[in-house]
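Before any comments, here is the structure.
Chains: A, B and C, in written order; residue numbering restarts at 1 for each.
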Amino acid sequence: MEQKYNIKAALEALLFLAPEPVKEKELEEALEISSTKLQETLKSLSREYNEDPNRGLKIENIAGGLIVSTKEDYAEPIKKLYQPKVQHRITQASLETLAIIAYRQPITRAKIEEIRGVKAEKALFTLMKKGLIQEVGRLEQTGTPILYGTTDLFLEHFGLSDISQLPDPEGLMEED
Amino acid sequence: MEQKYNIKAALEALLFLAPEPVKEKELEEALEISSTKLQETLKSLSREYNEDPNRGLKIENIAGGLIVSTKEDYAEPIKKLYQPKVQHRITQASLETLAIIAYRQPITRAKIEEIRGVKAEKALFTLMKKGLIQEVGRLEQTGTPILYGTTDLFLEHFGLSDISQLPDPEGLMEED
Amino acid sequence: MSYQVRLDSFEGPMDLLFHLIEENQLDINEISLHKVAQQYLEYIEKMQEMDLDIASEFIVLAAELLQLKARALLPGHRKRKKGPPPEPDLVKRLLYYGKVRRTVKKLRTLEGQRIKMFQRGPDSLIHVLETIEEEQSPPQDPLKGIELKELLKAYENSRLKAQISRRKKTEEKQEVYDFGEEISTVDEKMEEIMQVCSKESGNFSFKKLIDNCKNHQEKIVAFLALLELVKNSKIKIRQSKNHNILIRKGEV
């Protein structure tokens, strides 16, 4: 198919504007190109961005979509110029809880408490409020306890494309 | 002075994040470089952006500051991807003009103006631009005026297979 | 001692137990638990001395540790079954908790990288869309939200307006434009212009020609005649310094 414009340049323009991860499917539709063509163009563009030390940006696959971010080396001048709201690190208690949910989702509060040996109420509340976890259902048993799972924001917080990209996946998935 | 990071890449990262034009002075301070060094780096980066047809972005000097924007050529895919979020409606004048063209096509501008009693130039221009009407021929008389008709896009929107399916405007159809 | 500093900073009993095993450089197994059980109890005592609010979970784990020790001291405990004895539940839980801690460390590293990376906000996207909107190109569906009945209504509206304006026009025509057949043809006008050209020795102005016309229609006829004459090189047209358009006879 004849193209009216330079696909690579168009892809760069689209990704540049993305305020949140854009799905590949959406890009294919906007550019009217095949999945193969997108992959090919994306690969070439990503290589240019990510591998060239003269480039300050990188293209990443996060939460099932593509997004451009600044490379970590330039955090200092960025903070100086824009004073961006610093993203808060998650506390140890919350992060332990979050890790357990991430690997074992969907999971009940009782199970989390059993693993950590402490009450999880506060940590769950904090994580919910931060939008890192969500209710994903109810267990069909006495009391129909809530089942928790992670959100897209969780993936974005750690820069993961999906749950399978969690570090050390064999480790925590199964209990024993 | 020894630099901890690549200046060009850092400049790209800073410009990428700018929500509005950034002053050169601000960039110099954030990067801790001289005006000369900034000019030099900026020139090199701008050339890469602006002159390479494989790049979809350009660096512009607007209102005394620098800003990155997408090149004009990519307006179409940008709209396609991001527009659905922003809804907008057509003006009443354009809608009336469109209605007249729909029911009376092919029709000249003079006839439309006679019916509506006001100049139709702007409405016609907008409708043409939006792809709802098109030139369908010329009238064989002095000045050979353009005849307007609706497009397939118009039919598609209303889910009509052809113009004859337009609802009957209760006896108003006949020529006066 | 370090435990005095850290007493209230343990995330829970598992965290404390894990810390003790690490501090003693032990692997996680039943023997190690026997070894650190005493230290664990000492910590609990210290916490009591310091009037720290000890969560019940710490006590529960202490009880578990004591139970484990007591079981090991029972005669015949090791000989009762063939093969290695099954791992106590606490060991399994501690092993898993160890994995959680290792994973948390890795997540911390990822988080550390992430908070140094920044993405663009939605502001400029909205601005770009607005600019494109103003400048060019049709959106996918410019009629978004418009129903057929609205189109019909718009048509009827315009028809109504048309009737009103037609009535007005007819009235105007009768009043003003009552000049009928008296206007000259283009040919007549061409002849007239040539006569004026011959009479006026030099140039005569376009303004004068137009001003002499009785109405719009005659002005149009005059203009068309002029164009025709220029086309045939019968006259020449030029613009003077003060923007007057001057007409004179062609050099034929």
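Keep in mind that, in the parts below, a residue touches a chain if its C-beta (ideal position, glycine included) is under 8 Å from a C-beta of that chain, and two chains touch if they have at least 3 such contacts.
Keep in mind it's a predicted model, so treat the numbers as computed, not measured.
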| Which chains are shared contacts of subunit B and subunit C? | A
| query | Just by CA atoms, which chain is the most central one? | reply | C
| message | Distance between subunit B and subunit C based on Cα centroids, please, to the nearest Å. | response | 16
| Inter-centroid spacing, subunit C versus subunit A (mean Cα positions, whole Å) | 19
| message | Can you work out the whole-Å distance between the CA centroids of subunit A and subunit B? | response | 33
| note | subunit A residues touching 2+ other chains are 16-17, 68, 70-71, 73, 78, 82
| request: Please list all residues of subunit C that touch 2 or more other chains. | output: 118, 120-121, 124-125, 128
| message | Taking the touch rule as given, give the residues of subunit B at its contact with subunit C in the complex, in rising order. | response | 13, 16-17, 19, 69-70, 72, 75-76, 78-80, 82-84, 86-90, 92, 95-100, 102-103, 114-117, 129-132, 153-154, 157-158, 166-167, 169-170, 172, 176
| How about subunit B: which of its residues touch subunit A in the complex? | 4-6, 8-14, 16-17, 22, 26-27, 29-32, 53-57, 68, 70-71, 73-74, 76-78, 80-82
| Residues of subunit C touching subunit A in their complex? | 11-15, 55, 57, 61, 92-93, 95-97, 99-104, 106-108, 110-122, 124-125, 128
| field | Residues of subunit C that touch subunit B when the two form their complex | value | 118, 120-121, 123-126, 128-129, 132-133, 135-146, 148-152, 154-159, 161-162, 164-166
